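In the two complexes that follow, chain A is the common piece, with chain B as its partner first and chain C second.
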Partner chain A sequence: MPLELKNVVKKVGADTHIYDTSVELVENQFNILLGTTLAGKTTLMQLMAGLETPTSGEVWFAGKNVTGVPVQKRNVSFVHQQFINYPHFNVYENIASPLRVAKISKKEIEERVGHVADLLKLTPMLGRKPSELSGGQQQRTALARALVKDADLVLLDEPLANLDYKLREELRDELPKLFQDRDCTVVYATTEPTEALLLGGNTATVHEGRITQFGNTSEVYRKPSDLLTAEVFSDPPINAAEVELASGQFSLNGQVNWPSASTKLANGSYKMAIRPHYVTLEQNSEKALKLEGRVLVAELSGSESVVHFEVEGHPWVSQSPGIHAIEVGQAIDFYLDTTQCLYFDDNDKLIAE
Partner chain B sequence: MDNRRSNKKAWFFVLPVVALVAFNAIIPLMTVVNYSVQETFGNNVFFWEGVKWFEQVLNSDRFHDSLGRQLIFTGIILSIEVPLGVAIALTMPRKGVWVSVCLVFMAMPLLIPWNVVGAMWNIFALPDIGLLGYALNSIGFDYDYTQQPLSAWFTTILMDVWHWTSLVVLLAYAGLRSIPDAYYQAAKIDGAGAWAVFRHIQLPKMKRVLTIAILLRFMDSFMIYTEPFVLTGGGPGNSTTFLSIDLVKVALGQFDLGPAAAMSLIYFLIVLLVSWVFYTLMMKNEGQ
Partner chain C sequence: MNKKYIVPVIYIVCLMLPIYWLVKMSFMTTNEILGTFALWPKEITFDNYIKIFTDPTWYNGYFNSLTYVGINTVISVSAALPAAYAFSRFRFLGDKHLFFWLLTNRMAPPAVFALPFFQLYSAVNLFDTPMAVALAHCLFNIPLAVWILEGFMSGVPKELDETAYVDGYPFWKFFVRIFIPTIAAGIGVTMFFCFMFSWVELLLAKTLTSVAAKPIAATMTRTASTSGYELGLLAAAGTLTIIPGAFVIYFVRNYIAKGFALGRV
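This part shows the complex of A and B:
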């Protein structure tokens, strides 16, 4: 039985940090909390762990109401963004620390620490102090401390955010494997949509103290239930524009027209959203429509070109493969893959794709 | 490839520091060295004496006594002020409006000049009219710092604790504040108790600032002069004649410049040596 939040609200003084939230995590899988800094991811995790008690609402775990049960009485482990280890213990003692508090026999501690150290490639470092380790090794030690406990609930709060690019990639690949054969529910907070997609599992998009959607990661990505979710789950930011539907044709700014795929929609105005990588510099499909824009900012991201441009005063973002020489202020044609558009109604709910 | 060019003008940039260090440290120190190996009767006439003054000082009972008093005093001061300072820092609030109030109160004794502290306690502790002295006597203690060595020591120590514990508190508090909340959460998740949190998180995280606090308090208390001088002038008898009071008596009271110079150098070397050994030991295995 997994962890469940039932109508949880968290207020601190006059501020509401978490608005009425109900969510049921998926057992033995990765549950990702995706949202910007200060969206409330950490507060949600602290509520799940029992480090904080909800102002109202209940926290259930394994079929039991655990609201108000302090964290040390639950079998929970937590890995922070900062590398948190006991500064004057060596790696072995650090990993062993949760077991020592639990008064487990010396022989078993040795076995379990050895096993986890092996998994996390820390065996040669066991005698070192945290200050003698690299950032990646320090975070591996913190992860090892979380793993060695065999916790039912493992909370990882942006564990890779303070690592450099290479180490982040490496550890991100290993993480799902580490938890594969364990009976534990993992909650993973991240600010990066790409990271959520790479980790898979399930994703809850968090925005200003609310979970906007929770479901299978690729499902949430492909069919965001509302515009906000689409915005949270997009990097670079998703493009949104007003479109008019009349006699089966959408039109943007009265210039660009394309047929509606759905016959159910009534005539009127809608919000359309399209991810930047469907707005490209080259015409990738015949259906892609031309959009004339003026370049505001052009930048390279890896081997991709990200171009911010404006069309009739509205900002757009395009993301295309390859490196292109583009100058600011240049008038340029972009191609819109209209088959990838998402349509939202007045309340920002998804109504067609 | 060697692109370095000789640039003699660069020396001008270090000149101010060289001048400062020379006037501030090297020249006064060399003057003292100069006196410590010669005998003078005034009129700028000097006679070479070699290490005679050093031998004399090191063999004198008087020096041994004041050094002994000094070591005991500094030992007592450190063993009271450091634990007390840490304890107070631990009980101070971590956030909220009371933080500033506490900090202001803590900083207050540090703002009072040494001789004022001495004068304050001199009056405060007088057995006939001082609040402390009178109160102690009226509850049955036979207390008179002008007559009894024990009372004088008690007052000097109390005065120093009152004046300087705040420094340890402020440093320890700064050290505690720099510990991210995540450490406390991690400890909570591990089920660690308050003692374990102190022993395994707070104390190791405070190690650097505490090292500095102990060093500062060691050096300062080892050189204490003004407060006991104002309080009792080193008495009753010689009971609170610490090293620097003794030194001033030798140099200015008796005008024995040679022995006084030798004594200052020995004094200086003791402070330097103890500080260096302590710092090296504490910073061993500290990584970067």
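This part shows the complex of A and C:
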């Protein structure tokens, strides 16, 4: 039984930072908190660690109520987004610090620090001060300090956000391997949906102080329980539009029509959402339907084109592989893969896919 | 000589002139000072310095001043450390008002407090002790120390505290082993300013002492009034009062600018 939040609420003054939240983390796996900045990810992690006490509700760990137990008495480690190390200690002392406080024998400290330093490629840097390290090495030191402790719960708060692109990729590949053989539950906060998908495990989507959904990462991605979850878990932003269902046919603006895959849905209007990479510049499948739009912005990266366009005043985003020459204001045809649509009811709950 | 040096040279000459004049006078006899206008002493005499270092009424003045300045610096910094930490890390009712109120203690001239302090210390037998002056100087040095330290402490991310707690440090262990070394530069700057303000303050120091704890500044003014003008001796004493300050500045020279930049001095 790993960590569990039971009806936890956190208020600061008159502001509610976390609304009534209950979640049970999955033991010995990656638990990802996905949400935008200020969604409440850090507060959730502080509540899990014991750095903050909930205004109401309980925190349970391994079958015990640990609400109000100070962080010093829990076996957790925490890595922040900023590179936090003790500036006057060298790397070795930084990594050894939790073991020193726990009064572990010198010999064992030496052994464990040496092992973790090897793992994180810090061995040549052990004698240096944090200020003499690169950003990547500083964050590795912070990670090493979190690993050396053998904590039951490891909280990583956007640990890669302040690193440059290359280092981020490198460290992201290493992270799951570092925790593979350890009996610890990892909580990983990120703002990037792609990062959540790459790390796998389980994902909780966080939006304005609430967890909208928690489950297996690819499951949450493929079947978001509501529109909000779909919006949080999509980059570029997911497209949402009103569609009408009549006699087994969906209709968008009266312009595009396609048959409904489900026979259970009653006639009426629904919200449809479709991820940008299913709205493409080229017709990838025969079933893809043509949608005429006017280009607003075109972002061309090295390998793909993200085009923002409008259809009858409603904004859309399309993501296609390859580089396309597109001009702003140009009228252009996009292709909608309607087999990938998600449908939501009036309460934004997923009802069909 | 290159033209670009002209302005700095003029500036430094103007800056150093009064100090040079003081040092020059300290190596002259009073008669020579009064009798002629000279850019440098004709006959260098060390009598003034010898008198200061051999006469207890003189060297005790320095000793007394350094004692209360030292006590004051220690009290100010140790009282300000926890206060500044609270202001930088916690939000509590009226914290901003309290923080500003601290500063208002610096707005009244110390002279206002001379009389109540004199009366109070006489009543509790603190009059004419270094402790009396040290405590009186806390009036303006503690608020200053809190303001400077708060600036340095707020520059340390709160996440450092959290990391230490997660590592298992209890609060006091964290404060002494992690936090204080992290803001060591700030503490150095704070000590410097406490030292300086206490060292140059004259009015309270003079009012609250008579014989036993007489500060050097008081000794200097006495000499001028009783045995005529002993200008050479005064100049030597003045030169010696510059030395402790210069010495302290040397140690914190790299951090003073930061203290000023934080807008807290």
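Just so it is clear, the second predicted complex is superposed on the first by the 351 of 353 C-alpha atoms of A that agree within 3 Å, B and C clash if a C-alpha of one lies under 4 Å from a C-alpha of the other, contacts with A are read in each partner's own complex, and residues count from 1 in each chain.
As a convention for this text, a contact is a pair of C-beta atoms (placed from the backbone, for glycine too) under 8 Å apart; a residue touches a chain by one contact, two chains touch by 3 or more.
Here the structure is a predicted model, which means the values were calculated and not measured.
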Partners on chain A (chain B, chain C) - clash or fit = clash
Applying the touch criterion given at the start, work out whether A:131 contacts chain B, chain C, both or neither, answering first, second, both or neither.
-> first
Where does A:82 make contact in the superposed view: on chain B (first), on chain C (second), on both, or on neither?
-> both
Now for A:263: first (chain B), second (chain C), both, or neither, which partner does it touch?
-> neither
Return first, second, both or neither, reflecting whether A:71 touches chain B, chain C, both chains, or no partner chain.
-> both
Just chain B (first), just chain C (second), both, or neither: which does A:105 touch?
-> neither
Touched partner set for A:347, first chain B, second chain C, both or neither | neither
Chain B region in steric overlap with chain C, selected from 5-13, 23-31 or 41-49 | 23-31
Of all the chain A residues, which ones make contact with chain B and with chain C?
-> 46, 49, 51, 70-72, 76-78, 80, 82, 84, 86-88, 97-98, 101-102
Across the complex, what residues on chain A touch chain C?
-> 46, 49, 51, 70-72, 76-78, 80, 82, 84, 86-88, 97-98, 101-102, 142, 145, 149
Residues of chain B that touch chain A when the two form their complex = 180, 182-183, 185-186, 188-192, 196, 200-201, 204-205, 285-288
What part of chain A is in contact with chain B in the complex they form?
-> 46, 49, 51, 70-72, 76-78, 80-82, 84, 86-89, 97-98, 101-102, 129, 131-132
What part of chain C is in contact with chain A in the complex they form?
-> 157, 159-160, 162-170, 173, 178, 181-182, 184
